[in-house]
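In what follows, subunit A forms one complex with subunit B and a second complex with subunit C.
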Partner chain A sequence: MVDALEDRSRVIAIGAAVVVLIGIIAAAGEEEALVIGTISGAAYGLVALGLVLIYKSSGVFNFAQGEFGTVAVYTLYLLHFHVPYGVALLGAIAVATLFGLVVERAVVRPLFDAPRVILLVATAGIALLAVAIEIWFGGAQGKAVDRAFPTLDRVTVLGVQLSDQRLLLIALLVGLAALLGWFFTRTDLGVAILAASQQPTATELVGVSVRRLSSLVWALAALLGGIAGVIAIPEGGSFTPGVVTFSFLIPAFTAAVLGGMTSLPGAFLGGIIVGVVQAVATSSSLFEDIPGTPGTLMVFVVLLAVLTIRPQGLLGKTA
Partner chain B sequence: MAATVETHADEMAPDDHPAKARFRPSAAGLVGRGIVWAAIAWLVLVFPLGRPGFEVQRFSQAVAYAIVALSLNVLLGYVGQISLGHQAFVGIGAFASAYLVTVQGQSFWVGVVGAAAIGGAQALVLGGVSLRIRGLYFALVTLSYGLVAEQNIFQIQELTGGGQGQAAPKPSGFETDWRYYYLCLAFLALVLWIDSRMMKSKGGRALLALRENPRVAATFGINVRLFTLFAFVVSGAFAGLGGALIAHNNTFVSPEVWSFNLALVFVIMTVVGGLRSRPGVVLGGAFFALMPYLVDKLGWLERALAAIPAPNDLTPELAPLVLGPILLLLTLIATPGGIGQQIRPLQGWLLGGRFDPHAQGPKEVQITDVRA
Partner chain C sequence: MSSAPRSEGRSGRRRLLALLALLALLATACGVKSGVADQAVSSGDGDGAAAPAGGDGDGAAAPAHEPGPDDTAGVSDEDIVIGIHAPVTGASPIPQTSFDVGKDIYWAFLAEADPEMLFGRKVKVVFRDDEYNPNRAVSVCREMVEQDGAFLLVGGGGADQITACAKYADEAGVPYLSAGVNEAGLADLRTYFAATMTYAEQAPLLMDHATESGFENVAVVVSDTPSFQDAHEAISGAAEEAGVNVVLDTTLSKAPAEAEVLATVQQLKDANADAVLLLHSPVTYIGLASQARNQGFDPVWFGPGVTMGLNAVTNFGCPGVARGQFLSPTPALDVIDELDPDFRPAYERYAGGEEADDIGLQLWSLNKAIALMLAETGEELGRAVFMNTLESSEGFDNGIYAPIEFTAEDHFGGTGAHLLQADCDLKQYTTAEQFVGVG
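Our next item is the complex of A and B:
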């Protein structure tokens, strides 16, 4: 009964959000923004998947998630001087995963029992350290990086040309979200991770090492972050230190919160919604009078609105 | 101060080593303490007089950073809420004061008070809207607000003077760097006094109680939301004041200074300083503000940093960004009480107690695990 009620209110909430969104877009006549927003939203969703994964298992907001992506982009950039693109891509993702493991081992594990806010400060510290080292070693100026696929106009949707890279990004998001959904409901390992997040002591009692699971989750999240970085960033053609953190992290967090912070499909949906809101705010004349970047303000408004009106998000369960 | 220490000692006396509680330093001990106090006073008050103006500017900056660190300490230390957008509060304070003085033609004093008021007001609005948001989600809201400040508020031409930035002249009577430095010290003393008075009031005790456990605090009749908002407003006002002092110290504010990196440096200096330890937090803020100066001045430190095999030298400006997070992680993992914990034995000794190397206070940074 309670479940049914919850499901109904959830459906109403999602329906309302979608109607409002389509209403805004229709009012402004911004079909292009819908497409552009979906694409940037796919990147946010991909970063948000990693955030949700870590929040589900460790209960912490991982501010270093963006840096997993940036580290992967730097590795791609450096490796591509020496090896073919495909190898560099795999190497980049491997290095990002390794970075995730190191972070878990060196910082998360010693603070295993610390309050979550302290762990949040620690991950923010890691993000800053990574950005600072990037500036220190590589300089603050932008660097050029190639796309995986050169074709720029594979299909045209509502007047927007979609490159292969962008299509790959969307396909990856859908595929990875589905794969993770399967992983968490159908495999023993996935169920063990969920169990460890809800009842760590009981999980230990049935013979599962919670700490080992923690390493695995961080590696997995870093892998996702790395993939998000190496697919989304080269589309723009160049990158600067901390690029994923500065341009993706806040929208990705907003997406994760919008989706309920614990829901993988929610992160996916939230990413698209945030992307579209941002794109509409950027291109629509309604927001012309906002100084600077209207998209940033609108993402902030969405975040505040979700947290004050529906803190459990669109697809999250009541905490 | 001494009176409170004594009453405290009396209360402790019956069950806690009566002999130790009545400790009185010997004559030599008093002289020793006097010498150390004099050395500290010399370092803070006299030493800057002999330095060139641009160095004194660094010291003024350090004092302003100490105020910013105290502002974050109110939020992070007393209430256990983290602000990752504090650069917005400090930056808006800086621009508000510069705007009031340069564009509106008001005096410096109006600018500083205005900056503190605007800092408190925006905390009131942001806190009022996000009143029910706590913990990790509050951190996220402040982070997002910081980005809004950077990309929207600081893009308002009239407030920030566009790309060139806004002029912020030093107040009349305090035009020289030395006089301005003493003015900053006076403001720091004021903030320290307000902070210590606040924590001795009912409100201060309420804050500490609700940090430990909001539910228990609520049971004792503490309005959790109201007092959290109160702390946020105080923190915002301190931050605005710190921002105004930074602006007039540089006689100029430009928008690009107030970035996310700076917000993290603010958090780091407060945590490394040691939450809830006033001297620790002040030292932490001053240390991070002076780090570029120290790297520049201390030859051995510069050589040590240059010895690190990296393609580029670690510039003094970059040093806090690289060393800060390392110090932060070391602090969190090894000595959660930060500098405040390290100096506690010395602090006790200077206040007339024994030098007790074990008097390190609480072993952990106790921030309640708040759930939003």
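Our next item is the complex of A and C:
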């Protein structure tokens, strides 16, 4: 009861802080950066959701999360030569999910009882291997990829055009964060996954197969990565090997830590914050005199500030 | 509170701190700042070098190059070994097949068409991928000199990598040639020679182009790397001198996040720029142009060469890059038969079925210029006499580049460029104007 009240007051306080920040940014004339940050932050948030999912269930920072997305983009690119776009899109997400399952069976499961740091390094190895295979198959040069929806100017918000694809990305992020939040708090399977991450032996003792749960979690994370890849990357019109890893993984990690590594809504919120901070720091004249890259620098300043005040992140509980 | 949760809390905090440190390392590794000057080996005087011979010399003649202990390394009665490095992987890759094929075509042609031009010697080319990484560039250049015995080194692309490797070459006393890139960090190197115009030298040509094209509001976007600082200053200065209305002048990180790209596009749109002068990597150019198009914003993108004007950009950047116009040391393939009738037949004969392309043309042109330099040096070939020849020659005209003219004080030898224009129907660049700036 006390915990629930604390949770609620914390969410209200953070919500109020976010609203005040939005007001300050808008008052400073950077309302466009708010919109830009939100739409680019949605992609970070979607990748961050996958990271949090794996971390919640196994305590591992998954460096291969971006490659689930890149594999999906490559599959979309290849399939679209032979089948209609919608079929290629579904096929791409299916292949990414399958890739997640293969990674779980071939790498994660044999290392199930190994220290977490070994698994962390293993996921970095998977990412590097995947990038090498992408270069081997398709060369290092960029490739053009079509978007799912051709309409570029469905709505204009504060001077920023939003395409159908962007709107879909935002809707997917909100929907999936809510769905996964519900899954982990309201379903037996979700609770079992959390239990397996905290007390694997006890979970096995009550008859739940921890290994089977692990497969499910990795498949879900790969599905999220795949969706992020095939929806976000075509907005840029082209891709290169490792595109999701190199473009989204670091902002997504930052988003996940900022939001709290155990909180799915936190990943959503963290993604948006990272996007907005990058956009504001890039476009605002306030940061003009900062040498280097104010966008990257300010993200780390915000991250440090949040972790100093709340080491577990904005919406996270003790990891 | 029990001790277990407290211990878990501490463990979680430790993990977060470890992750934070890891992220900071990754951000640094991803090139927030390339810091070429720090990464490359320190610039020495080379063997026998006594004074810098950059473009901004004080007018005093630099002393001649004196032969060092490895003066004739890489040269025998039969062969001359040339080492080339270029990024065929990394953030700004050059198509590897084109590079692998193209690097040898001119030398194969020359060996058959005019074997006596190089006094009966054949040129053997050694190639290494620098992975678009300055540290790697230094490492592969060292390998090519110390293991493969390269007589001279050639930079195939990538300003930071060229700068880093040129600094190593200067220390080792090895001649180093490339297409023109930045001047900062290269102007003081005695063994570095730019065969085409540097970015800074192209700035006045670009501003003339802006004026002639009637661009009313020009924006300038430059990659945030120390290597481009001189070019950025030259562009700003040339704009002021030409009276071009610059509505936005900004930098963008070397590997920008999506939010940075979108925010920059929005700034350009808000500034109402009808043309954007861009000095960045091709990958970022394509991202900017595509996102601009998504925002219903379709300016002319123009800038200095080389890499922005490669057909790889139009291949996967169209339709976003449809309004691209870039200077280039070589023309596009549409006019090459007029300028050099040997190029296509040589490709047909020596390329093993590969079609002639623009990467091949870039390599052909640079190799042809190097052949002229080697020929003029004479039969007694050594590094010092080669560099002295470059500095004292009246010039080298390969018919494709604008004439190359070095002096002892000025190793930036380019005197003009070609203007290329994207054609998204053909998915390649065409030549809009030949020999721009050549008086």
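Observations, loosely collected:
One rule holds for everything that comes next: the second predicted complex is superposed on the first by the 284 of 319 C-alpha atoms of A that agree within 3 Å, B and C clash if a C-alpha of one lies under 4 Å from a C-alpha of the other, contacts with A are read in each partner's own complex, and residues count from 1 in each chain.
Quick note on the criterion: contacts are C-beta pairs under 8 Å (C-beta built on N, C-alpha and C of every residue); 3 or more make two chains touch, one makes a residue touch a chain.
Worth saying up front: this structure is predicted, and the values here are computed from it rather than measured.
When the two complexes are overlaid on subunit A, subunit B and subunit C occupy overlapping space and clash. By the touch criterion stated above, A:E235 is placed in contact with subunit C alone, subunit B being left untouched. Within the superposed three-chain model, A:T282 lies in touch with subunit C and out of touch with subunit B [touch as defined at top].
Contacts of A:K143 after superposition on the shared chain: subunit C is touched, whereas subunit B is not.
Of the two partner chains, subunit B is the only one touched by A:P115; subunit C is not.
Look at A:I39: by the touch rule set out above, it reaches subunit C but stays clear of subunit B. Using the contact criterion defined above for the overlaid structures, shared-chain residue A:L307 touches subunit B and also reaches subunit C. Looking at the shared chain after the overlay, A:L90 reaches neither subunit B nor subunit C. Contacts of A:L21 after superposition on the shared chain: neither subunit B nor subunit C is touched.
With both structures placed on the common chain, the touch criterion links A:G292 to subunit B and to subunit C. After superposition on chain A, the stretch of subunit C whose C-alpha atoms clash with subunit B is 225-233, while the remaining options among 63-71, 81-89, 99-107 or 225-233 stay clear. Judged by the document's definition of touching, subunit A residues 61, 135, 139, 246, 250, 253-254, 257, 292-293, 296, 300, 303-304, 307, 311, 319 lie at the interface with subunit B and also at the interface with subunit C.
Here subunit A touches subunit C in the complex through residues 32-33, 36-37, 39-41, 43, 61, 135, 139-144, 152-153, 159-161, 163, 232, 235-238, 240, 246-248, 250-251, 253-254, 257, 261, 274-276, 278-280, 282-283, 292-293, 295-296, 300, 303-304, 307, 311-313, 318-319, going by the rule given at the top.
Within the complex, the subunit B residues that touch subunit A are 80, 82, 84, 129-130, 132-133, 135-137, 139-141, 143-145, 147-148, 150-157, 260-261, 264-265, 267-268, 271, 310-312, 314, 318, 321-322, 324-326, 328-329, 332-333, 336, 364-372. Contacts from subunit A toward subunit B in the complex involve residues 60-61, 63, 106-107, 110-111, 114-118, 120-122, 124-129, 131-133, 135-139, 245-246, 250, 253-254, 257, 290-294, 296-297, 299-300, 303-304, 307-308, 311, 319. Residues 5, 8-9, 11-13, 15-16, 19-20, 23-24, 26-27, 30, 32-33, 88-91, 93, 95-97, 224, 252-253, 255-264, 266-267, 270, 283, 286-287, 290-291, 293-296, 312, 315-318, 320 of subunit C are the ones touching subunit A in the complex.
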